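Below is one structure, written out as structure tokens, with a few remarks after it.
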Amino acid sequence: MNENIERKLAELGLMLPGQCTPRGNFLPYHQEGNLVFFAGQICEWNGDVPYQGPVISAGATNLSDGPWIDLDDGRKAAQISALNLLFHLRDACGGDFNRVKSVVRLGGFVNCQAGFDQSPAVINGASDLFIELFGDNGMHARTAVGVSGLPANASVEVDAIIALR
Amino acid sequence: MNENIERKLAELGLMLPGQCTPRGNFLPYHQEGNLVFFAGQICEWNGDVPYQGPVISAGATNLSDGPWIDLDDGRKAAQISALNLLFHLRDACGGDFNRVKSVVRLGGFVNCQAGFDQSPAVINGASDLFIELFGDNGMHARTAVGVSGLPANASVEVDAIIALR
Amino acid sequence: MNENIERKLAELGLMLPGQCTPRGNFLPYHQEGNLVFFAGQICEWNGDVPYQGPVISAGATNLSDGPWIDLDDGRKAAQISALNLLFHLRDACGGDFNRVKSVVRLGGFVNCQAGFDQSPAVINGASDLFIELFGDNGMHARTAVGVSGLPANASVEVDAIIALR
């Protein structure tokens, strides 16, 4: 399945990052039994943070100072968070994605202004990728909320619990 | 215990919803081992969202535009989230609530304005119901926080980890 | 290791609180299998909440009314949350910290204003303590986000999943 995952990513025009380093005193993942708990991954790419600030719904008028992004870019940001999770997942399963039994749960956090109601549409950018890559094994439970601040002012952060076999 | 749960709900003047469909590309729950991870459930009722906007403490003066609700309605909203979790729990345990070993953890998110300090009182609306229905087996750990945005501008979202036997 | 933990705490000039009571209808922790799920602990100390309001980055100009704290105090607040988790961990492992197999995951919530980007630096105050006390066994995955409201207007809340042997 390894070749499958890499090939599917390439077909989607995607690749894994070359690096992804925790921005604090913590591990990117911790396995206990067959459950791997992944740290929250912001939408960073090899150290840069291409999507920053709140995700804004179409028609919003209360724009804050500073950067913001729209829903389409929000979905792309969530996809980048998923790619970072996959980078660490590859390590957690010793390079063999065949060992992925199931994606159990995603937790999605969207940088937003008060009253933002579109967190599910944003976090779908991560969920869609896991399902596209792993099929039924990628189907997962999920909680998505909007929050007032994320590390490095990233637009999206996603964490995960994934079961290995 | 099935009849017990249904009877207790009726005694409380409550019932389970007729439906509860995820608002994104995810499953309502995912079981791994004997732990069932439930997706966050907003305070929706058969597709409608009766409680929307931030939960406001008595005496708050910085009211935002748009809908808001008070603490009492916040507790009712959390109870509705719990009913939606129970709807999916019934499915997860094959219709037999006797299989519920213990409610392990609830995660509560309250739509709020900056500085809101009453999230525990709100999320008690969900915790109380689980404990009323399942007794000691319903006692759980919990994290409750206030956030700036929830799906569909719902006032409350609650997720859960529940152990089956 | 018990004496080790108590001695290390003393060397750091720290101690466990004398009490720490849930502020809602929930348990401080719930064990299922060898995983212990700890409820979110705010930065309270024996019932008082010494650090309240948002954590503010140096140079922030949009100060809200009411209390706020700086990053250094934010780290101290996160350390207090960790001490409360350790208070309950001592109970969960029957007073024998040798039974701690590994700190699996911390979840950190920082009371903040819109756009706050320093949640990792704040939650390091909790992570550092677990690692200092438990060494490699204290290394954990983590998610840290900024939120608009915490119980009792606390500045920090941290929850945990810890594996016992």
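Letters A, B and C mark the chains as written, and numbering starts fresh at 1 in each.
Note that in this section contacts are C-beta pairs under 8 Å (C-beta built on N, C-alpha and C of every residue); 3 or more make two chains touch, one makes a residue touch a chain.
Computed from a predicted model, the values in this text were never measured in an experiment.
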>> Rounded to a multiple of 5, how large is the rotation, in degrees, that superposes the C-alpha trace of chain A on chain C?
In response: 120
> When chain B touches chain C, do the two copies use mostly the same residue numbers, with over half shared, or different ones?
Replying inline: different
> Once you find the CA centre of chain B and the CA centre of chain C, what distance in Å lies between them?
Replying inline: 25
> What positions in chain C touch 2 or more of the other chains?
Replying inline: 33, 113-114, 147-148
> Inside the complex, what are the residues of chain B that reach chain A?
Replying inline: 22-30, 32-33, 37-40, 53-54, 64, 66, 107, 109, 113-114, 147-153, 157, 159
> Along chain B, where are the residues that touch chain C in the complex?
Replying inline: 33-35, 101-102, 104-106, 110, 112-121, 123-124, 127-128, 131, 139-148, 161, 163
